[in-house]
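Both complexes shown next keep subunit A, but they swap its partner, so subunit B is in the first and subunit C is in the second.
And then the complex of A and B:
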């Protein structure tokens, strides 16, 4: 066997692992989606589309979809607006603290999301840092509602996806060569024009990568919407969890899970088409 | 009347001095090379001119007005980067149009000028290509067209030929020189390649450790190097350890020479290898001819010439002979002669 023919052997461990813990459960999940729930709430083995039909006929599913997409879009947009300049700085700086700064930027990844959520509660809560400060300054009389609603979830989610987006941006900045900006300056473009005509277009692939990642992570996030939403924020991920655990309605959970997966794939395909269009 | 003037330019990075003190006057339409080894400060000087880095001290004037602190995008200088720095997301035509678009020229005029510029560098058919679809030489031409189309006050070329293969470099040298001459554009050319400097420029400024060691015509630099560094860096030279007698006459390899030298503690005589000839020992030398003797160690055939390595009492030297001429056999005793005026004395540097 030649070396190149042996190369695929390297894939075997990962393939077996994925097969065991991902492919097999996914098949079971798909099987579950065709089962029905009897009047007692007990699962009835079947091969029917009744559960799916009932789920999609329910207006709540549509509302959950819009909620999920809207939450993911806003969290991704906020995270991108914060992480793009930050990543550009990290990519460019000659500071000897560069390594340390990068580690600090992705540090939140190392903290459990539950701990992070409690951190946000301490900051955004009624007696939290933000409200305390604003009240002691006399800017507001009653505390702002910053948690247990969409505001809190969006803030928390944006923060939790930022480290991943920063890493994606840094990885995607490959084409960004400082000489190109110097060339632009020498040809008469101001720093702002240079950013608009050279830096930004050349970082679009990185932005697309980071935004795609941030969106997917937001769509599948469960802990942040659950804990920071305080039971008032309903998205697909929280509903799947509720159905599977609280209601033990596995067929509905399975239908919603597959639906979310297909939805994500469709949205990613759409963003791919848009990205190709941007590149021309 | 100088068109471009640098005076007392200095750039420090912390305690390291990249450019120490550079002053230079360039006439309108003149091409000047900044020649030196890497780290001599030549690129730093060019970047200060373009406004890409700010000098710590000194002044830059173009056509009478001072631009030392003017931001890069207001300087109107054409810069050709070593890596060409073509915008990968734009076609060749858009690359060339970039500077004109930033100047807000009307569309029709831009289209016409881009077409002319591409014709000038002989790339007419490639306007719609992306830079990555072009060869190195073609990219170089796009970069040149892009820098020239804005009618810059000064053209700055940073090691622009160093990424091309030898044959193409030769072609581009002549092409750039003829474009530069026909446009009459003031040009500053940074290079570490002496052939480039000698063939492409009216004058050469040899830089060494952040300063200009010598400035002059290519002939000046080559024939009359002002310092030991210039003699060593530009062209090749044999350095023969010399002794000076009480009468001022110089002794090389134990033989008195018809050469005088200024009083110096220790010095060497520099002679270009192609200025030396090899004679049989029996043949006497003329009055104004320096002569040393030695044994032929080795002959190296280099194509258009042969290098003859001769060892004598004071060390080794290399004589360059036209290939095809009879070469002394290895091991034979010979005399090496040269015109006394081709001897250049330089003090030995303290180790």
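And then the complex of A and C:
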């Protein structure tokens, strides 16, 4: 066997690992989707599509889907608006602190999601930093409702996906050629016009990559909607958890989990098509 | 020359020898080996370990009890279900609404009077809770928990939740959490209805309460939110509320609503196919015994299930077993509520929580 023929053997350990920790549990999950739950709450082994049919006939599933997509779009848009200038600065700066600044930008990834969420509760709560500041400045008389609702979840989620989006933007900025921007400036374009006509179009593939990643992470986020939502924010991820761990309804949880997976794969495929189109 | 097989056999025998010797030695003294007890984490684990597990270990030195925190009751029944083919958990203490699911699915053993004579010492409702399966091991009830230092005037009845000064100051665990289900039955009764017939009156009243609710999902729990000043009132369980009240030097107040409350029942369940059934069964017997029931009630204010347990009247007065508590209980069949849980859950989402957005 030649060296090049043996090369695929290197994939075997990773393939076995993926098979054990992902493929097999996913198959078990699919099996559960065919089971049913009786009126007493007990699971009944079956090969039936009743659970799936009931789940998709329930208008709440559609509402959950819209909620998940809307929340992911909002959080991704906010995170992108904040991450793009930050990443561009990190990409361009010649500061000797560049490395340190990049580490600081992605540092939230090193902190547990739960701790980060409780941090947001301390900042955005009724007696938190933001309300305290606004009240002490006399700008508001009663605290603004910034947590335990959609506002809190969107802010928390945007912050949690920012580090990933910054990394994706930095990785995608490879196509940004400084000489093109210099050419634009030397031909008389203003900095704003140069940004709009040269920098932004060249960074669109990076934006698509980062937005795709942010969207997928937001769609599957559970901790932030659960802890910052105050029971008012219903999305697919929280419903899957609720069905599996509070209602003991594994078949419905399995149906929703597979549905979310398929939805995400479809949205990822769509984002890939868009990203490829932008590269051309 | 030693063969590879011989080396392997010798190695395995060396590894296994301590376990063999240990089991033979302990066998002479009685029970041996280890069992895994799964139940709630936090203060329940701390107090149950001190009041029940440690005395059991002292009486059975050959046995080791691993306390595995199992999350919610539904997560616990999920763990046992996932291990059905190869059970790693021997005894589970969980809410009756989920243990009944485990009983139907064959996850737990039926307990006979012949093997468990202690069943004869239990209150009739404790035995009835599990049917032929594991009986109730603790009784508790839903209460309103409030901040005694910052809520003036203090809470005196369930209807006080609708006080205008409590706007934004209430934490309620909405269904499918059983606290939300119990609250629904209580509000229905307060409005003169009966949850078995309809919850329309409760939904209408709870919808009016919705704008006052700060969170429908208190994390980590309502007691902590009161202690941290996030809310002034929350729904809670009596036993934990009593303990948090003591630990917070009275900052947490507990109110059994005069309009009525609902029992919460934890059952003790012997896993079918337990690998150390003898020790697991011995633990179940001990947990239901007068000694263990007295110790746990006096430590954590769960009402006892053993009718013969001689418990300090001061402790009993703070439990669901107190005469005034029992008189206030709404007779609730959790199996009936399980059947309408999804329906109630949907109504809460569409009528109550939607009104609070």
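Please note the rule applied: the second predicted complex is superposed on the first by the 273 of 280 C-alpha atoms of A that agree within 3 Å, B and C clash if a C-alpha of one lies under 4 Å from a C-alpha of the other, contacts with A are read in each partner's own complex, and residues count from 1 in each chain.
Everything that follows uses one rule, which is that contacts are C-beta pairs under 8 Å (C-beta built on N, C-alpha and C of every residue); 3 or more make two chains touch, one makes a residue touch a chain.
Computed from a prediction, not measured in an experiment: that's the story for all the values here.
After superposition onto subunit A, the modelled positions of subunit B and subunit C are compatible, with room for both. In the superposed model, the vertex angle subunit B-subunit A-subunit C (Cα centres) comes to 150 degrees (nearest 10). After overlaying the two complexes on the shared chain, residue contacts for A:148 are found with subunit C alone; subunit B is out of touch. In the superposition on chain A, contact is made by A:242 with subunit C only, not with subunit B.
In the superposition on chain A, A:179 makes contact with subunit B only, not with subunit C. Once the two complexes are overlaid on the shared chain, A:40 sits against subunit C while remaining clear of subunit B.
In the superposed model, C is the one of subunit B and subunit C that contacts more residues of subunit A.
Taking every C-alpha atom of subunit B against every C-alpha atom of subunit C, the smallest gap after superposition is 47 Å. Looking at subunit A, you'll find no residue that touches subunit B in one structure and subunit C in the other. Across the interface of their complex, subunit A is touched by residues 50-52, 71-79, 81, 83, 85-89, 98-99, 102-103, 146-147, 150 of subunit B. Partner subunit B is touched in their complex by these residues of subunit A: 175, 177, 179-180, 182-191, 193-194, 197-198, 201-202.
Within the complex formed with subunit A, the subunit C residues making contact are 71-72, 74-75, 77-78, 81, 97-98, 100-101, 104-105, 168, 174, 176-177, 214-217, 219, 229-230, 335, 338-339, 341-342, 345-346, 349, 353, 356-357.
Chain contact summary for the complex, subunit A toward subunit C: residues 38-43, 60, 125-127, 145, 148-150, 226-227, 229-232, 234, 242, 244-248, 250.
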